[in-house]
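Presented sequentially are two complexes of chain A, the first with chain B as partner and the second with chain C.
Our next item is the complex of A and B:
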């Protein structure tokens, strides 16, 4: 190692130190926890190493429920939010008056506190002794009976959850996509216009390929974010997600550590590793697809 | 296809409070572009030449006035219905498509009865790519091409649908000096071969002069002069045109006309029959100077630059508008460089007189 290298590492040291203590060490620790069988939180003893924790977690009905919930949220919200964000961005990009005003409006949810948004959704969906919620009023006016969105059937709860998730992730996607759209050189559109290209073909053959790197970025980060869903669920259904049947994988991990039935870092570790493997696999698949499809 | 511009005007309205004044980009344009010719729209930046081009293409709507292709009024026709090919300054090649994909793009847009089969498309692509000599590069992406090659692809894409008119916006400005020379010859050849009426925009007078059949000199949205390049060079209508054309540029002196003679300072440099007394600018082309010991125009010699066949004399004069006079003479007549002064007489046909106020050309009586 020559002198310059040594100096370089010296500059990196603070960052490396912090990353090591707060990122790398915990990561390794989680793997170790997940392999320690019969770990006792109080005494710190365990019986030996093995895959029992994984077996237990994968057979735990609460985990299965959490996995199902998370998967549904991911599968519904990621494509839908990206698509809606794309449509809104296209709209924003093609209008001139009020464009900045509308952009601000669409961006507001991003700077709004999750719990505050949760309260708004309560007003929209929750049944109280005084009212069935705004959405139910709407449903009633169409001649249908009220639905209990917060404590009612699973599909209704899942609908609210997905609706909420889409709404909360949308602003960021709109922000990214509008800037991606406006960065496409106008000459491409002019060239296409002179050549008599139809609007659909311009979108499909020019706009979409040009912004595809950003779309894939949003899809990948969208998947990762949706798999890590937890706080949004708490904002709507409260902390006892298992009772509501709306727990997520991250929620399950939390419960295993600190919840009422908690104190099992091994199970929590195993669940985290499973989540990691899922997210990792999907991201790799995404990257493989994007390699062939995305134009840079 | 002949193109006629009739009282063409484009006004960009003031954008906001800070910039509330309207900008007249193109002011009352009238000219006719003959069929099958190569026309250069020439002017400094911001003179409205690109706006004119965009109006011909249909990307900009004129504020008033009319545009005719042949006898057809196309003023309100959208760009795709005009049948023009447009080459952008930055080429605007679609980066995600191959060269072939780019050239095919306009053909794939054709609908209904104009729709082409795959074979017809390939045939056309092959024809134009041979024409602009890029048939080896069809499978490459634009990012894998040099600037000159990208330029050719852009021209091929504009030509493939056989436009009635080919428009080029600063076609050579993104190329380096050598490539520029080569490409402009190429451009000339392609235009000759296809016979398509071609209009190109440039701020480089040399470029315009060298390949155009006709040039249009513009300034501040106004057409100053229209004619064959040499004709415009030899017979500029006003001071701007005279200054804009020619390298090295024309030498402008402060002068005056007094009782039928032209004076620079206190010296009479030539007779000026038929002109009233007034203050004028005197423009002398670099090649308009003749070394003459007894010549009327005596200048302080700064240096002598020998450039092979020609010699360039750099000199000073109190009534010169710029810093240095630059005269080009044959090397045989070159003065010794250790002289302090040099005297010239002026060639009559290379000396132009302009009114000091209107800056319009004043013509002598013969």
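Our next item is the complex of A and C:
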């Protein structure tokens, strides 16, 4: 029996090895990095331990800009995408023909390469010497003048960014909400209909409470995902996000680590810990609210 | 009676309008989803000259050309990016599968000291965001001299706690009596795992493979950190490289041809396996 006792570890060995090297050790190491002041990447020397890196990051205008951009993306895209996904799912739930087809179609963006499709979005919105781009022609046809969405005013750039982010996150939300809606017991609806309850009341009193756990799940994962936005930004605005003024917190971390502005793992570590604290706090707040509000 | 009929008619008309509006709304979103794909396909078959002469872009073309695809595979090393991504995807997914199968089996069937504690620690690792560990991993890979190499690309992403969890749950649903019977017959654990557990859990195993393939094919951030030699670029980095330095500045049709080429493998995978993919994602995947 004894040899079977330790056989388990043998089977777990590869997982333990890789998780240890690439997840557990880095987790400890990143805290150490963030506390080492004046760390030099080339020589590996540093001056001592302290909170200077955090202070530096929090006063860095590039970080402030990244924090602002990320917050705007989060505040706009999370509620809006959840609401649109809810409307679409309710629509899907109320029809029969084409329902499966549309469900599958809506999921398509999930499997596509965000960098590749982002390039298409850029072409659609970009103003070039040859053409103002399709979106601008649409705007012109409504009687307004063209806007440079990719290199123009901040609000225009933010609009493209939020639009693309919503396009990308929608498949997951629609999928989760349609399966939540279809699992609501039909008996409730029939009973309500017999009683002559209005549609709006049915939605507000039956549907919404039944799917509220899933809505909260989507809001939580939406917050986490949107706070970690990065590759969608690169897809639209290119790798130099600071120049475009569209950097995000994760982008700031990578810029500190690598590239022309790179070589500062200590600053990168501090910034990533700040990001983790923000995401963790918001998730906890969300969980507390959902505990009070979700009635299932 | 007359009044009731009137009421019914009114209700019917109201319902028809409602259904019509619903379909209109759903079709509208369908167009928003599909349009970028249509546009990339359309632009990729327009010739360079005709694309640049259109101030108002045409919504269809009467003279489709494959010249841009030729350009995409000759003027930039797109073919090399494909081969790299293929190797990266196959090796990563293969290693991930072996590690996941062995660990899920250990958690589901074997007894060893501290099993529950270790499993709990595994689960808690699921909450760790990638951004937190990527810094040290970058330093580790750099120090091991594995930048611009396949091991550097592959090794950090071969262990996935979520997949281990998913498969362990699945293995536990297989009656344990079969395992005991196999033990009595003298079947080895490995043989039991591959001849009994894996075939029974095939749907989950396939779901895991597909989800990992999608993740690999689309991965961008880690490859960008550890490769700066285009010989080791994956398709995502290749697209970014093409956008910034490829084809001369404004050859949009050729760019779109490479975008189509990069998107097609996953779209085919999706057309074949969309049920599996959607089921797998709704069981706990998120974007990314």
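The rule is simple: the second predicted complex is superposed on the first by the 278 of 296 C-alpha atoms of A that agree within 3 Å, B and C clash if a C-alpha of one lies under 4 Å from a C-alpha of the other, contacts with A are read in each partner's own complex, and residues count from 1 in each chain.
Going forward, a residue touches a chain if its C-beta (ideal position, glycine included) is under 8 Å from a C-beta of that chain, and two chains touch if they have at least 3 such contacts.
Note that the coordinates shown come from a computational prediction; the quantities given were computed from them, not determined experimentally.
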Touched partner set for A:185, first chain B, second chain C, both or neither: first
Touching partner for A:143 - first (chain B), second (chain C), both, neither: neither
First (chain B), second (chain C), both or neither touched by A:107: second
Touched partner set for A:279, first chain B, second chain C, both or neither: second
Touched chain A residues, chain B compared with chain C: C
Which of chain B and chain C A:61 touches, first, second, both or neither: neither
Partner chain in contact with A:29 - chain B first, chain C second, else both or neither: second
Which superposed partner A:201 touches (first chain B, second chain C, both, neither): first
Residues of chain A that lie at the interface with chain B and also at the interface with chain C: none
Interface residues, chain A side, partner chain B - complex: 185, 187-188, 190-198, 201, 205-206, 209-210, 295
Touching residues (chain side chain C, partner chain A) in the complex: 19, 22-23, 25-26, 29-30, 32-34, 36-37, 39-40, 43, 52, 54-57, 98-100, 102-103, 105-107, 110-113, 115, 118, 122, 125, 128-129, 131-140, 155-156, 158-159, 161, 164, 189, 214, 217-218, 220-221, 224-225, 235-236, 239-240, 243-244, 250, 252, 255-256, 259, 262-263, 266-267, 269-270, 274, 277-278, 281-282, 285-288
Residue ranges of chain A touching chain C (in the complex, touch as defined): 4-9, 11-12, 14-15, 18-19, 21-27, 29-30, 33, 84, 87-88, 91-92, 94-95, 98, 102-117, 119-121, 123-124, 128, 130-132, 134, 137, 167-170, 172, 175-176, 179, 221, 224-225, 228, 230-231, 234, 238-239, 250, 253-254, 257-258, 265, 268-269, 272-273, 275-276, 279
Touching residues (chain side chain B, partner chain A) in the complex: 57-59, 78-81, 84-86, 88, 90, 92, 94-96, 105-106, 109-110, 157, 161
